[in-house]
Amino acid sequence: MSAPTEDPRQLDRADATAAVIASAEAFRNWGRWGQDDVLGTVNFIDDAKRAEAAALVRRGVSFSLSQPFDMNGPQLGWRRRTNPVHTMLDTGTDAEAGKQGFPHGIGGADDVVAMPLQCSTQWDGLGHIFDRGFAWNGRRAGDVVTSDGDLVTGIEHMAASLVGRGVLLDLGRFLRPGNAVGDGELPDGYAITTQEIEACIAAQGETSRLGRGDIVLVRTGRYTRARREGWNGYAGGPSAGLSFTTAGWLHRTEIAAIATDTWGFEVRPNEFDDAFQPLHQVVIPNMGLTIGEMWDLDALAHDSAASGTYEFLLAAPPIPITGAVGSPVNPIALR
Amino acid sequence: MSAPTEDPRQLDRADATAAVIASAEAFRNWGRWGQDDVLGTVNFIDDAKRAEAAALVRRGVSFSLSQPFDMNGPQLGWRRRTNPVHTMLDTGTDAEAGKQGFPHGIGGADDVVAMPLQCSTQWDGLGHIFDRGFAWNGRRAGDVVTSDGDLVTGIEHMAASLVGRGVLLDLGRFLRPGNAVGDGELPDGYAITTQEIEACIAAQGETSRLGRGDIVLVRTGRYTRARREGWNGYAGGPSAGLSFTTAGWLHRTEIAAIATDTWGFEVRPNEFDDAFQPLHQVVIPNMGLTIGEMWDLDALAHDSAASGTYEFLLAAPPIPITGAVGSPVNPIALR
Amino acid sequence: MSAPTEDPRQLDRADATAAVIASAEAFRNWGRWGQDDVLGTVNFIDDAKRAEAAALVRRGVSFSLSQPFDMNGPQLGWRRRTNPVHTMLDTGTDAEAGKQGFPHGIGGADDVVAMPLQCSTQWDGLGHIFDRGFAWNGRRAGDVVTSDGDLVTGIEHMAASLVGRGVLLDLGRFLRPGNAVGDGELPDGYAITTQEIEACIAAQGETSRLGRGDIVLVRTGRYTRARREGWNGYAGGPSAGLSFTTAGWLHRTEIAAIATDTWGFEVRPNEFDDAFQPLHQVVIPNMGLTIGEMWDLDALAHDSAASGTYEFLLAAPPIPITGAVGSPVNPIALR
Amino acid sequence: MSAPTEDPRQLDRADATAAVIASAEAFRNWGRWGQDDVLGTVNFIDDAKRAEAAALVRRGVSFSLSQPFDMNGPQLGWRRRTNPVHTMLDTGTDAEAGKQGFPHGIGGADDVVAMPLQCSTQWDGLGHIFDRGFAWNGRRAGDVVTSDGDLVTGIEHMAASLVGRGVLLDLGRFLRPGNAVGDGELPDGYAITTQEIEACIAAQGETSRLGRGDIVLVRTGRYTRARREGWNGYAGGPSAGLSFTTAGWLHRTEIAAIATDTWGFEVRPNEFDDAFQPLHQVVIPNMGLTIGEMWDLDALAHDSAASGTYEFLLAAPPIPITGAVGSPVNPIALR
């Protein structure tokens, strides 16, 4: 069997299933870290990598790569994904009006949130996607995620792991440098190819070289446009993103994780006539790759372009909600 | 007016109000960073401090300082604080049973959480506590936090800020080194004094010296015991913690933030006959000090004792829930 | 002072405040049932009224007047009002897959809902609306509803009360009988007047006569259209509804409660240049009138037209959520 | 095969499975109302029954049979069942403080609830319990209830159905009339037998005679005790309740539904060495019987004893939450 194509034009749009199967088999990492593994490619991050990453910090500048978490978010209710509902248990108006009953003039405010774990900036857990009934490392999907949550690969297992060397690949700026509206924005439906990624790395220079265990952040400019023009289908609608054909590159680079500024990481509409997120199906359950979505990469991109430096220490720990198949995250880039 | 005492024995247990007023006035930072300030002592963290912190990383070892977020947590419903309720929108059992209706064999799991923002490991926002109707920087409490949340000092303003040099002060181990049950645990009701803190710093050595902008983590051993014996009042019950009389030390050291392994940061029962968290009332609205609670400091404490090193890079970014007066956090210590 | 006009054409569109004040003073019931009252006009329902209502039941036909409660509802997030999020704690797929761990082959499904109390068919509680800082019966708004909920007039006080004689006034059919699209639908912005209500009662005949303690259901056809064409602004957008000038009629008829098939009960846009639900402001805090919204009156309307009978036993008990300012309800009409 | 025993002493405590299978087969109603049925025994309620029930109303007295819905409820978190968390979106303190931004002095309060559907007074839906992988009417459990809810027998199908003749059987008072502490309370673990039920009916007299389509309310006194002494294991702990051996009586009487004042309807601990709610397993998926739990029957019981009348019109419509396997309910008894 020949290796899956890296040229999107060679994909058979009519047969997503065959393409998924071929890529799944070509790029499967099941058993690579033992039968009990719960981390997948995050295993590629080791102490040396984290020490290397910390050594990248020179200026001490900190960037939050998180979008806001509030009712003004992009969610439209698809599969019950709403925006966060944040309500108060106690307020300052109550305190000032003397309604709280505490002694010596102390008053308090307290709050609650109800939200989908993938409503805004997030990591997908390894239990988030299945391939023909199988979850990461070859486990049966139903043995991993029940109504009780992810009993095996819950996001809590990555609580200390998602810290390492981050590299920004600003595909938006690289491929659309002269974009009149701003800082580089790819059009919806633009499928980023392996060739383009490699060219971007070459163009950005030495600080963009990738190695085993790095965490890659791909900026398409989709969030830049949402910020300017409104969400307009940001959640679930058309967007630039990675081509299905990048699976091989994602595999052979041995990166630990990848995140984008889009809702869905891969290009949308997907590159098959009848498909739903086929690249997810290859990389999460088969490759064990952790994916981040809806990140805000703009300030970091500006700083990268200005400084010519694309690498940084990335600290992006998930909230360890037991059994979660995803987590909100406020990723910090430090350089 | 003389400075507030730093000796707990000199507190007038019958008059919490007077003590609060005296300390509030003595240690108030209102206006120190301008009338529009929303960060308080977190302003003490600057780029140089962050660069200094990153330079502390040698081995690349990462510690998550977060407790789990699940139904097995300590909350008992006080003021409607429950443990997190995590439910699934889609499951692996559904996927494996072919109930999801997606093409080409892809399946998915997705989830939702409903939780108080201070149910487990958390930062208190500056809008969390008021002093006689006033919030941080002298604003009226009702002008800051309404049912719409914290309109001024919401936790989202600290999204990029809570990263810097962390220092563990292991008071549990320092004061109870020979504790038979383990790694140093202070008894409930033990009020940690300024003198003891300073002695602990001296004993721990050079890596524990504190300066402007540092983030201090105080381990009492309370969580160590909860892990061993069950929660038993961990949320809201008796505990070791900082004495009310440490307010001056918290002020003059110009630390950026402080966190503990307890529910309430300060000693409980509080050191007055009729009181509720009086040290909070001094330090949050008056000093603008950010407090973390319910952190898991045990693994870090073990490593600190073994290595003799108490400092580290701390990345503890809150989830930027707009208008929140607190946030779940998974703090990462990197050394 | 002359009585407020009952002719919408005489309203001064530029001065909502004056109109509200005049109507509030003219139709205020404060103190009518004592200083401790928590029921308002629901007091008009007595045992005799309920016995009379039960005697109306002849055929034993039961109508649910509730709209569905689910993610397909009309809510758009205004003031954090979302549609209900219903999630499962246990499922049949889990049970069938043997994941639940119960003995002797028993399996179970269980569920949770998170929803605004006014997301679908509902009663407004007496604490839902305030007039210039005052709640029902002249209490200060802040003394009634804090972050802890409605401490005085919570919906739980009406748990046994909202049962009595219901009368359907089918204004949609009466005013638009030849409507091509169906069963009588008033156009958006149509302000129903007292004169029209009285004419409708006369036309519908003896079973529509109203007396003290009756519960009036007004059908505009707005929900009929939403069901046919989609929500299209059902929540918060334009709609037929009661004119502001009907306040006097609502007062002098001594009805116990009123409900409509619309989001907002009163006509929208409101009849003033700058206004928000001014009739609510008159009737809830001043008159103590309980209002129902988003009811499904269509099947009942069909049956009423077919049978020529407009009265029925109405059982519409709220869910007694302690301190709630509203409640979901599944109203049952029995005739 | 002989009919299952109606004498609890003849149960083989060691073999719950055999007992469940025997009763399930003996009392199964699958197909009785066609293959598409979604109502089960609720089908027994017809118009004539509802008309008969309405005719029982003489005095017009209304009783709410609902327990409160709030944080003070009995739930302890078992399988993530919490007490209701009710929070405010807007408050009177905010309104009074002028924080809401509405015109002409109108102010508002609004609220949200997050709660398990079976946290307090409730109906079990037909999808709530499965027998060896099968749901009501012989459907596969996984074909009925997925993460999307009950796709077939959701509680919304009963929106207009649970209205009819109710009969209170006050077993607590009948069996423990001389109880010193009050109004008749059975001890925990007391298994009510068919013989006792029939004797209670005989003792209560003519108004307690049961026929096809009636809704039976069984009072044990468990909630009376909880109200007096605190919950003490009300949710999930020991309690009086129906013996497993009453399944035959539940079947042959052709009642439409049954509800109790206990958490679990059947006696607890269950009457087998290793068992969990075996009577549920027989009556819900096999018989199609709708069960209500956690009802407050005390005021109705007092009135029944005083009046010597045990029948009434019962209006107990569930909130039609689409796909729910249970529903909060505020049942109204009218007599």
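When the chains are written out, they are named A, B, C and D in that same order, and each has its own residue count from 1.
One rule holds for everything that comes next: a contact is a pair of C-beta atoms (placed from the backbone, for glycine too) under 8 Å apart; a residue touches a chain by one contact, two chains touch by 3 or more.
As the structure is a computational prediction, the values presented were derived from the model and not from experiment.
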Chains touching both chain A and chain B: C, D
Between the pairs A-C and C-D, the one where more C-beta pairs touch: C-D
Euclidean distance of C-alpha centroids - chain A vs chain D, Å: 46
Centre-of-Cα separation between chain C and chain A, whole angstrom: 45
Chain C-chain D separation of Cα centroids, rounded to whole Å: 28
Residues of chain C whose C-beta touches two or more other chains: 80, 85-91, 93-94, 96-97, 99, 112, 114, 142, 146-148
Pairwise touch network: line, ring, star, complete, or other: complete
Residues on chain D engaged by chain B in the complex (per definition of touch): 71, 77, 80, 82-83, 85-91, 93-94, 97, 99, 114, 142, 146-148
List of chain B residues in touch with chain A within their complex: 16-17, 20, 46-55, 57-64, 66, 68-70, 72, 79-81, 84, 86-93, 95-97, 102-118, 127-133, 135, 140-147, 149-150, 156, 159-161, 163, 272, 274-278, 280-281, 313, 315, 317-326, 328-332, 334
